[in-house]
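One structure, as structure tokens, below. Some questions next.
Chain IDs A, B, C and D follow the sequence of writing; residue 1 opens each chain.
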Amino acid sequence: MTETFEPKIVAFVCTYCTYAGADLAGTSRMKYASNVRMVRLPCTGRISPMFILKALQKGADGVLVSGCHPGDCHFAQGNYHARRRWTVFRSLLAFTGIPEERIKFSWISAAEGAKFAELINSITDEIRALGPFEQYQELQKVIETQSTY
Amino acid sequence: MAKIGVFVCHCGENIASMVDTGKLVTAISGHPGVAFSSEYKYFCSDPGQETVKRAIRENNLTGVVVAACSPRMHEQTFRKACAEAGLNPYMLELANIREQCSWVHTDRIEATDKAIEITRALVEKVKRNNDLQPISVPVTRRAMVIGGGVAGIQAAIDIATAGREVVLVEREPSIGGHMSQISETFPTLDCSQCILTPRMVEAVQHPNIRVMTYAEVEEVDGFIGNFTVKVRSKARYVKMETCTGCGDCIQKCPVKKIPSEFECELGNRTAIYTPFAQAVPNVPVIDRSRCTYFKNGKCAICKKTCQIDSIDFEQEDKTEYIEVGAIVVATGFQVQNTSMYGEYGYGRYKDVITGLHFERLASASGPTAGKIKRPSDGKEPETVVFIQCAGSRDASKGVKYCSKICCMYTAKHAMLYAHKVHHGKSQIFYMDIRAAGKGYDEFTRRAIEEDEAGYIRGRVSKLYEENGKLIVRGVDTLLGKPVEVEADMVVLATAMVPQPDAKEFAQRIGIGYDEYGFFNEAHLKLRPVETSTAGIYLAGACQSPKDIPDSVSQASAAAAKVLGLFSKEQLEREPVVATVSDSTCAGCWGCVIACPYNAIDRKEITDRNGNLIKRVASVNPGLCQGCGTCVSFCRSNSIDLAGFTESQIFAEVMGL
Amino acid sequence: MGIQEQYRTDAANLLDSGAVKLVIGYGEGSTPERRRPIFIRSAEEVGRLVLDANCIANLSAYLVPEGLLSDGKSVAVFLKPDGIRSVNILAAEAQLNPEQVVILGFNIDAGLANPLPGRKANEFAPLLASLKSAGLSTDLQREADRLEQMTAVERFEYWKEQFSKCIKCYACRQVCPMCYCRRCIVDVNQPQWVNTSSHTLGNFEWNIIRAYHLAGRCVACGGCDRACPVNIPLRLLNHRMSKEALDTFDHFAGESADQKPVLATFRQDDPETFIL
Amino acid sequence: MTRILLHSRVDDCLSAWRSAGFRVLAPSKRNDLTRFDEVHAASDMALDLVLPERTIKDHFFPQTEPLLNYRIKKQAIESDEMLPPQQKRIFFGVRPCDASGLEIDDALFGWDYKDRYWFSRRENSVIITIACTRADDFCMCTSVQLSPDSTKGSDVMLHPLKDGRGWRVVTLTDRGKELAETIASMLQEDASETAPAASVPVKFDLDKVTSWLADPSNFESHLWKEVSQRCIGCGSCTFLCPTCHCFDIQDEGDTYSGIRRKNWDSCSFAMFTMHTSGHNPRNTQSTRWRQRIMHKFNYYQGKFGVNSCSGCGRCTRQCPVDMGITETLQEITNLPR
């Protein structure tokens, strides 16, 4: 195996801040790793924990959830609600052995194109270093095969 | 069966140089459900859009994915194109392969792979898009302005002058608010009454404005364009319709020693009274708690005095329900009670007063007819000490925020004092001088340079009385030395705080408030006059401490918002709103609590005979802003958000 | 008079006076140690009521089936403090009117059932406040600590083994007073968020999402844990969630009947240590 | 001629069977759960259990089983069947009730169509049963006309010796005989006395029960509500039952491919009979509990001539609210006639 492992990362972002920040990174022609697939949502308040589990089922090695900074939410409070949910869900995932390093959360505003680009690069590097999330992906593989007896 | 059209845009070279668009088209054309795919240099151009439209018509497409730039760029363009081709505009998704792909990646193979994945996922999403129709809400084109201070008056006049009806509700017997208590205004020193009174009269005489004084808003029901407001008009015991405001009753009223609220208790009023001489409407009210007739059934001198029989002791509070389409909240502020500062001696020493007291002393129509006389003995003070930030910017005892107006009014007070007491000496203890505003810094400079206000940078640590003098002890931090000033009067620049019932009021009408009770705007920077409840706007110091120019500007801004809303009979809204599944909702009301817009109500489900079966949540599409916070709260997945449904997101993720 | 006799008398009085239409309590079970939920509708039957240290089930789940309380009449129920907390949450979440619930409260201490004074949920406020300040179970915390000390990989393996046992019988859900949804998330099939098959992946999703849905709502009655026929230590997941709610948001589930759901509210200064 | 197998020779048997290509499963305890699992040594086994918590049904009719996999293509959907592996297996230390359960379900899985998944596993499996010398409060095989040493469903029967050294081996079927031959050298002739079978009291009168259930007028009896009042509607009794066999078929997958699976389902679940319209013919727990009893002791009997209960008692033993078949059938038995 000489080929380096390229992680698959799914990002769930709000359209008003992080998605716009990503657009800004684009219009500013910043360069970043191509590993992230974005799912655009109106607000972080819309991001349900099930999204994260489904991304993992689809073989994501990492997940990013990102939205507006506290106080900046287009919908006034959506990100405050989201923050509580993340706090709780994140601790639950960690407790069940889904490494915290693979599930990332960030605030990226529409003006933070540079932060977006840097974050994508650093997360990609970090998850690349962690390697594939084989433990979870194994669960999916198991269901694709017939039982052994 | 879905028939999706995929249109891959080159955006000149912007996309095509980094994404192999041919490969993308080939890959996507093999995807289940894709009935048509093509690539073109600029799909956003007229011929490009024509291609899309033709493809929709010729292939009977049920959905469209344009793989091009950000939806924030051209979503509207292509929605319009879809609509023109007879496809519901919400059956469109934009795959962002420019801003989030071709522009940010450097490896053509990687970028192409990513573009294919992005596009596929959105094909999966668009397959589950639904036809959506814009929501149209009828608008009652009448506004209510709550609070008849300068902000409320301004908003009411602006709306009314533009031709819309306004109901202006004020809980005091007269409109005018705090501005009517003020003597002169900074930075021009024009007389407050002189500039305000004409506006008060204009408001009350405006054919489109109905002024309801001595009235309280009790309940707000409904939603943008369709509010029903319950207003209780308190009994005045004086007939509004007939009273001419002659004032005979006031003259004759034997109960004369009631400390006047308007005069900050520096003067007295009678039991039947108007708060001040220029009150609008100029119709007195009877203070039931002080009136002898109401106490023991005797007296009734006012009734006997009144030549047109306008006194009516039988009057009762009247409640009415008023339909309005928009509400401007302009309920103003109060000054903080400063007695918690033991070191300032407020409440202990009569001659320690607040800035508002000083306004009354300086006011030509005030209890001293504009002469500066100290409350204890009516003597003209030779030395006055002003203490700034007496409550503001003090997290431990007062409030954390800056009250914004105190630097200016203290400078004004020093000036007025210098103008009225020529030999007087003023000393101002301050932390910083915040004089940002048109003509403001010049104004404070004038106070220092022309009117010889002595500014001492430092805090006051102690204040006590000695030999008839108030000894003010503090520190001059610029000199690094303690200072002691013998004063005849001390004026505290008290903090502006929300009305004492602000939080309860906010809950009653359904808007947000901060830790202090100032009402929350929808967005501090971009939506500063809107609340998070659509159709309710803010003006003046109920939102945060403000001076008169700011209050008036915000009032006009709020009026503009209201007029914008009233510009059409129907309000058209994006159909990205939540809906509840009645059959599965368990009625836990978590969504009701979580909704930032109070857009979710409790709805009763009854059988044919009207018997209650259950209660479920129900989203008011007029209020819902489409954030989806409720959707991800709902444990039973009983709420969904149009445009971003659970099925759509699921398909998008599973299509990655 | 022992607590059992006393509560039998109380139950009889409540039924006789018409104060309640039903008493939900414990009866003899199929072995000497087992107690089973019983439903007493007349004073003559109160002799079947048993109350001793074996009465550990949280009976509050029997209050929520549709129709039971819709006639406005009251129901008496034997509850330990955990059950009283459940009633508070059910009231806070509008599933019942606490005025209709007459509580025959007791706790179990040193192998004995002792009466708790009070009849309506709000009368137990001081007790619940003291439970909050006493904190969560240290026994559970010790068990949880054992897991916390593992590496993520080990912890994942641990739960993978545990969840692989799950047969999706949903006893955990059915026995839980908080699982009153008309339709559980796992029964949503458009879209099928949770894999319903009882393979380890589906089991993982189910057990995680159930624990999440109980965040700030679980009262640690242990019902799910005991009900689980394949002995998955569900208590640990729930404990972890309770700990998060209490430590981070000062939320002690069921403290009062007007408590707001921890996940439907927020504070602007909620801590955030992990957001980049 | 009687042959015995000594405990000390079990390990030898295991290696002999393994080298003959068998996989051996026996009751064992792993991760706080007792169930049939692959064993490699006698020490892996937990043969002193009255019953493992889970039944051997799991290994013939798994809780979830792939039937086919599919790939969604542009024009068509491709699919491949997924058949169970042809793995030869020995179930060692089965209890007579669990073994009987298999034979009870053979009727269901083979009456009109021979379920390949069930029968290929059945045909590849040898059931070595150990007669029960102990029972607990929940055992009720004798109530359903079986016994602690019933041979139904077994290929080989082991009767524990009184002295506890091992078992007397009785082969019952050709498959059993063949298997015994593979370990002939490990068996020895011995006339040791076997321990008496467990005494399991009869708890209800099956004849009374079946005739009461067969009477259509009892379908709406108030008894159903009374006995099911505390039922919480979980599926644990059905999922732990050695004979319950209801299943659901589900497609699981993403946009591109997926698997069609057969998953256990339970008549206890409210959703079991939910129609798309929202109508639910069994909309209360009492109707669901009635269905379960009726199915086991009336309909199954009517269709296949046998009751769908082997008396293991797990339904009560593991019920979260201490309910179960025994109590209901006792109530029916005690009804005045």
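In this section, contacts are C-beta pairs under 8 Å (C-beta built on N, C-alpha and C of every residue); 3 or more make two chains touch, one makes a residue touch a chain.
What you see is a predicted model, and the numbers here were worked out from it, not measured in a lab.
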(message) Which chains sit in contact with both members of the pair chain A and chain B?
(response) C, D
(message) Per the definition at the top, count C-beta pairs in contact and tell me whether A-D or A-C has more.
(response) A-C
(message) Could you work out how far the Cα centre of chain A sits from that of chain D, in whole Å?
(response) 45
(request) Indicate the whole-number Å distance between the mean C-alpha point of chain C and the mean C-alpha point of chain D. (result) 32
(message) How many angstrom lie between the centres of chain B and chain D, each centre taken as the mean Cα position?
(response) 69
(request) Pull out every residue in chain A that's touching 2 or more other chains. (result) 49, 54, 58, 71, 77, 81, 85, 143
(message) Residues touching two or more other chains, restricted to chain B: which are they?
(response) 583, 594, 633, 646, 650-651, 654
(request) Provide the list of chain C residues touching at least two other chains, using ranges where the numbers run on. (result) 185, 192-193, 195, 197, 199, 202, 263-265
(message) List the residues on chain C that touch chain A in their complex, please.
(response) 144, 147-148, 150, 152-160, 185, 193-195, 197, 199-202, 204-205, 208-209, 211-212, 215-216, 236-237, 240-241, 244-245, 248-249, 262-268, 270-272, 274-276
(message) Which residues of chain B touch chain D once you look at their complex with the stated criterion?
(response) 30-32, 34, 120, 124, 583, 651, 654-655
(message) Considering only the defined contacts, which chain A positions touch chain C in the complex?
(response) 49-50, 53-54, 57, 70-71, 77, 80-81, 83-100, 104-107, 119, 135-136, 139-140, 142-143
(request) Mind listing the chain D positions that touch chain C in their complex? (result) 31-33, 53-54, 63-64, 137-138, 229-230, 232-236, 238-240, 250, 252, 261, 263-264, 266, 269, 271, 316, 318, 320-324, 326-327
(request) Quick one: which bits of chain A touch chain D in the complex? Just the residue numbers, please. (result) 58, 143-149
